[in-house]
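A short worksheet on the structure shown next.
Which chain is which? They are A, B, C, D and E, in the order written, and residues in each are numbered from 1.
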Amino acid sequence: MTVTVEAPEQSPARHGLLRYAATKAGGALLSIAMVIVATFFLFRLLPGDPVRALAQGRNMTPEQLDLERARLGLDKPIPEQFLHFVKQTLQFDLGVSYEYKRPVVDLIGERIGSTLLLTGTALVIAVSLGLWQGARAGWKPGSRFDKVSTAISLVLWSVPTFWLGLLLLMVFAAGIGPIPGIFPTRGSSSVDKPDGFAGVLDVGVHMVLPCLTLVAVVYAQYLLVMRSSVLDEVGQDYITTARAKGLRDDDVRRKHAVPNALLPTVTLVFMRIGFVVGGAVTVEAIFSWPGLGQLFYEAIRVPDFTLMQGTFLLITVSVILMNTLADVIYHLLDPRVRSA
Amino acid sequence: MLELDNLSVTYKAGGDIPAVRGVSLSLAAGEAVGLAGESGSGKSSVALALLRLLPRSAVVGGRVLLDGEDVLTMKWGRLRAVRWSSASIVFQGAQHGLNPVQRIGEQIAEPLVVHRQASGSAADARVRELLEQVGLPAWRARSYPHELSGGQRQRVMIAMALACSPQLIIADEPTTALDLMVQAQVLTLIRDLIALHGISLLMISHDLSVLADVCDRLAVMYAGRLVELGPSSGDFRHPYSQALAAAFPTVGDPASRLAPRGLAGDPPDPQQLPGGCSFHPRCPVAIESCATSDVQLRPVGDRTAACILVGE
Amino acid sequence: MSNVTWVRRRRAAGRFWADFRTHRAGVAGLVILAVAVVLALIAPLFIDAGVTNVVSGTGAKLAPPSLDDPLGTDESGRSVLLMIWWGSRTSLLIGFLAALLSMVIGTVLGIAAGHFRGWVGAVILRVTDWFLVLPSLVTALVLAAILGGSTATIIVAIGVTSWPSTARLIRAQTLAVEARPYIERSLALGGGHWHITTRHVLPNVAPLLLASTTLEVASAIVTESTLAFLGVSANKTSWGTMLRGAYDWGAATAGAWWYILLPGLCIVIVVMAFTLCGRALESVLNPRLRTGGA
Amino acid sequence: ADPVKDPAKKVIKIGVTQSVDSMNPFLAVRLVTGSIQRMIYGFLTVPDSKTLQPSPDLAESWTTSPDGLTWTFKIRQAKWSDGQPITADDAAWTFNKMITDDGAKTGNGPAVANFQSVTANGQELTIKLKTPQASMLDNPVPIMPKHVWEKVKNISEYDAEVYPTVGSGPYVAVEHKKDQFVRLEANPQYWRGRPKVDELQVIFYDNPAASIVGLKKGDIDLIGRLNPPDFESLKGDDNIVQWNTQGRRAAYLQINHGATTSDNKPIGDGHPALKDPKVRTALHYAIDKQKLVDEVQGGLAKPADGSIIPPLYKDFFWEASGAEKVTFDLAKANKILDDAGYKKGPDGVRTMPDGSRKLQFRFSIHTDTPIEDKLAEYLTGWFKEIGITLTTKRLDSSKFTEETGTTALFDIAISGWSVNPDPEEVLGTHLCSRRPTASGQGGGTESFYCDPQYESLYLQQQKELDRTKRADTIKKMEERLYTDAPVIALYYPNDLEGYRKDRIASITPIPEDKGLLYGGSGYWPFYTLEAVSKDGVTAESGGMSGGVIAGIAAAVVVVLIGGFFVLRRRQGAADERE
Amino acid sequence: MLEATDLHVEFSGRGGRRARAVDGVNLAIGAGEIVALVGESGCGKTTLARTLLGLERPTAGQIVYDGTPLSYSGRALKAFRRQVQLVLQDPMGSLNPRHTVHEAVAEGPRIHNLPDEESVVSSALSRAGLRPPERFLHRYPHELSGGQRQRVVIAGALALDPKVLIADEPVASLDASVRGEILSLILRLRDDLGLSALVVTHDLGLAWNIADRVAVMYLGRIVESGPTEAILTNPQHPYTQALLSVLPDSPQRIILTGEPPDPTQIPTGCRFHPRCQLIPTTPDTTACTSKPLPILPTTTHPQVACHLATS
């Protein structure tokens, strides 16, 4: 019997990835463009005259108002305003907050760190815990571990974030009965934040409750997603093959089921980032966490037109970028699409 | 070397599904036995039971002696040791038998590492050797399953099965999804390799002609039972086996030209098996007593068949 | 024939119910839901919007549960029990209507995106994906803030931001259905777009749609309460606005646990009931989710 | 500056529920920022801690020219916190900056609108006005150190985040974390002498409930501007003093009595019935102010039998009495309406005498304000009794300002004003000139009011430099507002605060007799603040000591490790089960 | 009846590569004739069948039915599809799991607004061997066995009274024991109703069982065609010879190496030459590697497209 030996094909993987990333980046740019357009028109629907909101409670002469209006470009026709808006946005100029009288970009810059810290930590915890637990639960559907995990996540899934946050605050920051209120009531650090390691600990302690709230809600989703994803793999032939090879059950799960189940999950994890961001708005408001969510909440309440617009733009654009990143990561992880 | 003694498999899903009902079969060292039967007759259940790979919903009865040891009552540790090093499995490879996100080299090497037969570069070397044995270039070890064609994937599965030099290979429909020509390639490969290494083979298929090609002996299953067991050459005696054989005509045989033959009626529902001989509702030669009396395998010539009309 | 069909349909429903019944959690969810919905529907027979009127608040302010007010009173002496009862109407109404809106948009666009392969599908998919990544709560908040608070705007804000996942699901399902050979067969029989989508795709996605809508109602109720908490509400008593009231009027610090705990628990219980129901439906209707063996 | 290392340091923490908008006084508009500025910067005058009358601050003394147009202030010989002398030049620079730079007008622009020129000569500051102005002595502009601020190129883009700040008030800001806190330290150069506490921390809470928890726990020591329920919840805590005094604020209804523009053209869509003073009076009779105080303000307010100036300002406060006084009387309200020809229809709703329209009014309130929501619900209830339908309309603040201040698209609206020791500002909001122009440019009217009698009284009080005489005139203005009812005062909310007596040994309110703490005018309470000095108290007050933190960290680590091992073991067992 | 002339179908795949799935095919199905189209996986059988049904638009060439070229307007297609019907490989998949047998069979008549649906359905079912029809009318596909399902699919096609049946691997997913029954049914339908059929398969035994004529397809082309007996007992093309040789019971095996070829890269000359078993033993192969072969014309006689065949 003869077997022809094929020459090793020139693997176009790297090339393919670049091209893929380029297409994805193109898609993301289009999405961002859509966001910018949508934002512009969405916010032009805003009732009232922002300049007057600005003058609220203070005496401004008509001349002053006109001046202000001209300064904000609100006296120009809509198409001109739009072009101006696009140009400014592309130059990372998100306008000046009515409330703070400072560039929105600066305000965002001052707060983005806190938000990244909070949401990042929460996301890492939620993802690792949720995926780990989901994988175990899905691996043995119907087991006690599975039942308990699913029950926990279903409850958490049903709890409004703000309510959970309030309860946690009342219980663990205020202290109820025998439970001492050991956690701080506000903020991301003490006023007298010590230096060095103690300072890190201080931030950590401040982060416990907001992080817990955020994790609780998101983690449930990750758990459920991972669970069903693993469940999909459980019956596959390659799993049976792995078992037949004499692998321990845990190794079958870790080496075979989980890597495969992770793939569809990656995209979902990133897709839910919008959810985390939404959660951050309420959590930051409840725990007075000095971040973007709080800024946005404030913008909504005032309402501060440019601040709201700028924060909204930033949030959506970063979520879009995250998702694009997820697509590319997925592409890197899954050999099937990688070389296709 | 392998002996099935009254093996039974019942799935507990909703009701009881008796998938395998008392199968006894033995396999000598170096022997190739084919297991045929239509869909749902319990072939795969037998194969999975051999290494206790059935899902937890399955209840297994009887004994599976592998080199005299009962697989069904083994300790877990021992079972893991037996798996793959004594007996390995080749699944229908084209679609799902390989982990899609692992390079095939790793997958072939995995049993070597698990059973501590080789590791590191030794394992790599063994992988190259195995790939060459099944006619694939060594650089394929770095490929992912989807980069291979169905036939190549099936070769990888075979290489993987050979990795720990087992005494027994179980091949469950190894060629079903493959093309005619590729099927011939793979079958030839299997035949050559087991002859070369003196491995026993239990091969499962619904295509009798494929089995006849590779195997020394054939077993035919119907509704979870063996209905016939005998050498692969020679005529079948059980009406079901005969019908199965006739379904694949010989090209050039004038008798079958413009005269397709088959079996009337539908395969039985394992949850509602007919009484008596479970084949009797479809049997072209059934007699009255078939509906009441169940027949065990009985010898007839060099084979055994479970039919009342046989060996009287 | 219609008679036979009817009998068969009934039997199919019976089979479905038998399947559903095996999901104990789902049944529990269904029972809770039924109770909640019935209570909300019959509320006008016993009480009216007056129970939410401050002038009629007769009890003491923030009084703990007692015989007069079994679940205590709020900051104006209104009965928390009656407010929860009356508020369930708004919460459920918003939940159902927002889910309905999201379902209708999602289904139409999802089927269109899956069915029309050319640029139409591509454009719809692009738009869907775009909406999908928008942080929905933030968008709903902006929308509701811009449109001003009313029941309709809240429903629109939630509906308009939550349809993409439905559309995605429906599109995937449409693609799956359209890959089935019976679509090919139907085409070969001469079936057109309308025939294929209404006779084959829609009936096949409908069950899943039911399940996903159930889950959608759950998240709409949560979203409504979150919006209310963040200050965008329908101006009617709902569980969300009650919680906001509890927060505004210092129930937490005043130790009025009944006021802050009970509406929240109602949300959790009803949302969970919807979720359990939806999941049970999903696993009955979508065999892929059934626990696989081997 | 680390209190953990220095336990003797006296620190007081103030909780606020508004965050600082800008540390640049030219730009800041928020109340909280104003309060902080008052501690950092000196003003020409401050309200006297006893009488609230203007008293010397940076201006040691002052004289006025007979025509009231030229004011000369003698600036005190004192030092900025960086040791530089304070001169009239600093003040002149500050005012001139505001006059010449539009960006610098953002915070306190109107305060210099009437200034003709400002000049300095050594310690002597001369301000020339365009028209006489009695409120000259209540100038709200903080005097900035010229030597620091003249280097700033663009005031409107300057965030002033440079620490320590250079100021002339009792404290200097040493740290500001956005949306978190501002840290102030005692200013040793302060002309009255260094304050008694070493450090003030103003800590921001987004969540009012959390701030109450913080006060109860001791995370903060004082909190002002409480709403009634939060105030109530402090009851029963032995360590907390509930501070309940008359406030600076008046809450009133604004009625669209036929809004007109500054050139007397009708504007808006107000209900015609409201043009009739009788209807307005009937509405006034239909409001149970005591009930509102009890239910909406938790009893922590004074029902208003007067007008827009609260009783806190005894000099200017006016209250109706005798026949003039309107008391809650639905029957009387009904009778007034009946007599005026507004007949009740079969549905119980009255119509205009000519039958053209039903008496259905809109009530405009702000979104997201629970108190206004509640108020609306009560008014709706009472008005129904007199055959008037009231529907609530919630507007976000920009829309609200526009509809109730410029376009007049309202019938009745909620309103209120925090009154300064000198009431001129609030009185001015009801002048003809404040009405919007025909092109819809707002002038800041609170009522679209334009009444010749009121106008002439206003001019009269503006020129009157004798305080008692001026007060009489102002009371007449209040009476006019009361009887003509373009606005109906509802109540004067109390100032509600709370502080920990285990942390604050003494604090002097302003005015000293039953005055305000945080919510008051001027820095007096925070200057007089004395902390309880107990060893170790400060160290504990961070909410958590280093030891506790370490303990928690250790516990968490132990739990994690323990959990890990438990799981490992369970995993082993699971393996055996397959 | 149904004829394809010089048919080409191309797909644009990823990266702009074009797959010539059908690359020049002439094929005619006569009235009452059963033609088997055989070939290995990916050679374009299904694509050809779909194109014959008008489900795929050819990039070149045309379909002629009853002498008139097929037009792709909606109305013409609909009319055409009453005449030509399809039976697919997977009977489970070909039936909507939510439709009863009645609904499945009545789907065609409903689309075409045929009168008297009940009797049309009943007669189609009994002609497809599901007797008595009433027993099956209200069942769902999952309550039927594989053979019964395939009969329902066939009945669904018969309900429109077609003239031509195109069956794509009609028994490949059925159990061996059931296969004979379905094939017998197709034969009987031809005999009773005069139906023509194109049966697509990779199973030569099936062709031997029922086909009048066989066309062997390789990489988008028909390489050999003619009456079944002639082709299957005396194959001329080396590819057909190899296919037949790997059947069990054949004396000597010719196993072609390599994998099924790629329609995006069709070799020059004879498209089979890279795998041809005759090449190594042939002295002169220049024609094979460089000279393209003509497209086989539409004829019922045995014909072969091979430079080396002795015809």
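Everything below uses one rule, namely that contacts are C-beta pairs under 8 Å (C-beta built on N, C-alpha and C of every residue); 3 or more make two chains touch, one makes a residue touch a chain.
According to UniProt, the chain labels map to these proteins: A, C = ABC transporter permease; B, E = ABC transporter ATP-binding protein.
Bear in mind the structure is a predicted one, so any value in this text is a computation, not a measurement.
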Exercise for review: Have a look at B-E versus C-D and report the one with more C-beta pairs in contact.
Suggested key: B-E
Check your understanding: Based on CA centres, what chain would you say lies at the far end from chain E?
Key -> D
**Study point:** Euclidean distance of C-alpha centroids - chain B vs chain D, Å
**Key:** 87
**Study point:** Between chain C (ABC transporter permease) and chain E, centroid-to-centroid distance (C-alpha), Å
**Key:** 49
Point to revise | Inter-chain centre distance, chain A (ABC transporter permease) versus chain D - centres from mean C-alpha coordinates, in Å | key: 37
Point to revise | Distance from the mean Cα position of chain C (ABC transporter permease) to that of chain B, given in whole angstrom | key: 50
Review point. Going by the touch rule set out above, which residues of chain A (ABC transporter permease) reach two or more other chains?
Key: 1, 3, 47, 166, 169-170, 174, 240, 248, 285, 297, 301, 303, 340
Exercise for review: Scan chain C (ABC transporter permease) for residues touching two or more other chains and write them down.
Suggested key: 145, 148, 231-232, 247, 252-253, 293-294
Revision key, fill the gap. Within chain D, the set of residues that touch 2 or more other chains is 209, 213, 216, 368, 396, 575, 578
Study note, to complete from the structure: Per the touch rule, the chain A (ABC transporter permease) residues reaching chain B in their complex are 1, 3, 5-6, 8, 236-238, 240-248, 251, 255-256, 259-260, 263, 333-336, 339-340
Point to revise | In the complex with chain E, residue positions of chain C (ABC transporter permease) that touch it | key: 1, 4-5, 8, 180-182, 184-192, 195, 199-200, 203-204
Point to revise | Contact set on chain A (ABC transporter permease) toward chain C (ABC transporter permease) in their complex | key: 27, 30-31, 34-35, 42-43, 45-47, 141-142, 154-155, 157-163, 166-167, 169-170, 174, 228, 231-232, 234-235, 239-240, 271, 273-275, 277-279, 281-282, 285, 296-297, 300-301, 303, 308, 312, 315-316, 319-320, 323
Review point. For the complex, which residues does chain B have touching chain A (ABC transporter permease)?
Key: 48, 51, 53, 79-85, 88-89, 91-92, 95-103, 110-111, 114-115, 135-137, 139, 144, 146-147, 157, 160, 185, 188-189, 192
Revision key, fill the gap. Chain B contacts chain E in the complex at 38-39, 149, 151-152, 179-185, 188, 206-210, 212-213, 240, 243-244, 246-253, 256-264, 266-267, 282
